[in-house]
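Got some structures for you, see below.
Look at the two complexes coming up: subunit A is in both, with subunit B in one and subunit C in the other.
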Partner chain A sequence: MSSSFRTLMSSGVKVKLLFFAKARELVGVTETGLVVPNGLYTQKKLLSIIVETFPVLCSIQGNFIVALNEECMDQSQSIELKEGDQLAVIPPLSGG
Partner chain B sequence: MDYVSISKQEISVEEVAAQASSPDCGAISLFIGTTRNHVQAKKVVYLVYEAYEPMAVKEMKKICDEMRQKWPIKHVIMVHRVGAVPIREASVVIAVSSEHRQEAQEAVMWAIDNLKARVPIWKKEYYEDGEKVWKENRECPWRNSSP
Partner chain C sequence: MMGLQEEEFQMPNFKQLLEEKDSEIMRLKTLLTKYVPKSELDQMSNSHPSTKIAASTATLESPENLCSQLSKEDVARYSRQLILPDFGVGGQQKLKKASVLIVGAGGLGCPAAIYLAAAGVGTIGVVDYDSVELSNLHRQILHKEHGVGTPKSLSIILAVSSLNSSVKCVSHHVLLKSNNAEEVISQYDIIIDATDNVASRYLLNDACVLLKKPLISGSALRFEGQLTVYNFDGGPCYRCIHPSPPPPETVTNCSDGGVLGVVPGTIGCLQALEAIKIAAGLGSSFSGKLLLFDGKEGSFRKITLRSKQKTCSLCGDNPVISKLIDYEQFCGASPTDKTETLHLLDDCSRLTCQEYKQLKEDSSPHLLIDVRPPEEVAICRLPNSVNVPFSKVEDPIEVEKIRNYIQKLDNKNKQVFFICRRGNNSQRAVQLLEPKLADLNVILRDIRGGIQAWAEEVDTAFPIY
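Now for the complex of A and B:
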């Protein structure tokens, strides 16, 4: 995350964003800080903010989800992000 | 007992089975997922796994809880390895003990299906020709349906 982005979005909530597997390779870091405006967020909105902030993730758009504080979100769920919340970009799983 | 773990070390199948054993059980059912040396015509050299560890552990514990609601089982041991896993070595070992074999066998099958669908772990396949690719489990509900 560039410092210029953080300054630009300075009035908001600072969350942690983690990347795994292919998403981690595309973005080039394992984690970063992200400041998002106050308000309610759905899974869909979080996905679009993340892709907007990291356009390199366009190539896997539609093929990852966002986890919040180590839990999957329901599609219909609307949440208010809190300072220090942990978001994670979760590409299709391949454990086992 | 439920025991789940993400391990950087080689998994000892014997140790996992021993952990699951119990004097009042007549069966221990095991699943061992190992690195295969080929995918169709391509030769695989090794796999590299990574995990979102705290979430993976949480999700594995949830799987244990749900298994206990479905089957009367004694112990559940679930260990997944991360890092490079050479051919023939285990990436995942699940052991379940129960008084009679059927519960343990059904529970183990259900556990590995759910692990593949829900636990945030990823593997990259490294081929002999230098190519490598991130794999996607068909059990994963949000993967694109295209191959």
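Now for the complex of A and C:
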């Protein structure tokens, strides 16, 4: 976790991050808690926070979707995160 | 709403009128079939469409057909689904007329095929270029031990036909590519993506959008499965959700990552269910939705995907893709799930299995580091090897461990060999460790082709997985 990000975390909301498929393999856990600063978030901003927190996801940046409480956001949409919100990091699976 | 209420209001009158007309037609039909020779009747039905309807109604006279268009055997076979209020005779008849193409005769395709056949889908096509291997049988449950080495598509067709001989089965023993995909896909109503690689997934998506076919896409790896229905009912296509393919080195296949058979089994069954619902006119629960199945956790999550994208390069308002492309080039990987052989090291930094065997026989002092994950080492290993998993070779603790091992070697010409499953990670390990061990005056080399080559070239009794 980067230090600049850590300093922002004193006042924020705690959300739950869920990892699937390759993201789970790279990060090494299925879920974790994350405190994010209060404010409005677009899909793009959420993505960059997730990758900044878990740089290991860099290799698949642009190849996973992020769902907030089981719903993907539209690109233009801005939302405010609430305590306990679930953010799912979902790369596609291709095996079978 | 107004229109609907009016129709409902007039319904009893229509019904009565229809019944009167029906019995009049039936009476005329009986007279026709009784007094007009069959040859003349055929001629009449060809020239006069209304007579055709009448003539076909006449055939309803047999007691069997008064019940439904289904044969007595069909009624007995499908009785449990015929009495389902939302499915019924209508659903069964639609299923009988439907054709479904399953692309991939593996862990997803097997359960999908067998349930579609059991349910009575009229035509089932199966595409696969591959042949059955022993390592397939734990999840690809329609293939048999005695069928190892035979084409998978044929093996599925045999299993399907023995369950339901009334289903028309077509085996397509080909690798689906840009030059043959449209010809095969155009023959079917519904397409099931039961493939195992990224290139095939983009190929199927593009072909289905161009040919306007619903695509029921399933995938599985380890304990996880995913399911989505693309290009159906105004929903998004695969490119709306994943515009660009992942870098090939980030894609894990079942052969490297492993998979528990029942996981693709679960997803394949759900693919069959969606195909049956679409064929029977019940719609789909997964258009614009993504099912995430986690077999270890026992959870099913349904994610709402973003809608069809106006900017999609394929199904958007201004598409730039109007025909199939080169998917191998687009994805940077071949349309199979076979692991590619890398050539990262110079020949002088590599040793063949035969050379290593000779070196062991000469009792030449050396260190052999097996970089496979511990789960794989537990399956089989070469004697006197030490295990440092590839994922940890740069870990300072592991590097220190390796340095200690090397320092214990008592000859001047210190030799260290790396081995893995197929000879890719062993090369990567040499590259990663060379700078970290440079001060030890040591030669690092990898063993070509890994454990698999050892089993094939040196010790045929050695297990291959």
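Keep this in mind: the second predicted complex is superposed on the first by the 84 of 96 C-alpha atoms of A that agree within 3 Å, B and C clash if a C-alpha of one lies under 4 Å from a C-alpha of the other, contacts with A are read in each partner's own complex, and residues count from 1 in each chain.
Keep in mind that, in the parts below, a residue touches a chain if its C-beta (ideal position, glycine included) is under 8 Å from a C-beta of that chain, and two chains touch if they have at least 3 such contacts.
Owing to the predicted nature of the structure, the values given are computational and were not obtained by experimental measurement.
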{"item": "First (subunit B), second (subunit C), both or neither touched by A:Leu93", "value": "both"}
{"item": "Partner chain(s) touched by A:Ser59 [first = subunit B, second = subunit C, both, neither]", "value": "second"}
{"item": "Subunit B or subunit C, by number of subunit A residues touched", "value": "C"}
{"item": "Touching partner for A:Met73 - first (subunit B), second (subunit C), both, neither", "value": "second"}
{"item": "Overlap of subunit C and subunit B interfaces on subunit A (superposed complexes)", "value": "20-22, 24, 62-63, 65, 67, 70-71, 88, 90-96"}
{"item": "Parts of subunit A lying in touch with subunit C, wherever the complex brings them together", "value": "20-22, 24-25, 30, 59-60, 62-63, 65, 67, 70-75, 88, 90-96"}
{"item": "Contact footprint of subunit A on subunit C as seen in their complex", "value": "104, 106-109, 194-198, 201, 218-221, 224-226, 241-242, 244-247, 249-254, 257, 259, 264, 267, 290, 292, 294, 297, 301-307, 337"}
{"item": "Contacting residues of subunit B [partner subunit A, same complex]", "value": "33, 49-52, 54-56, 58, 80, 91-92, 112, 115-124, 134-137, 139-140, 142-144"}
{"item": "Touch list for subunit A against partner subunit B, complex", "value": "18, 20-22, 24, 62-65, 67, 70-71, 88, 90-96"}
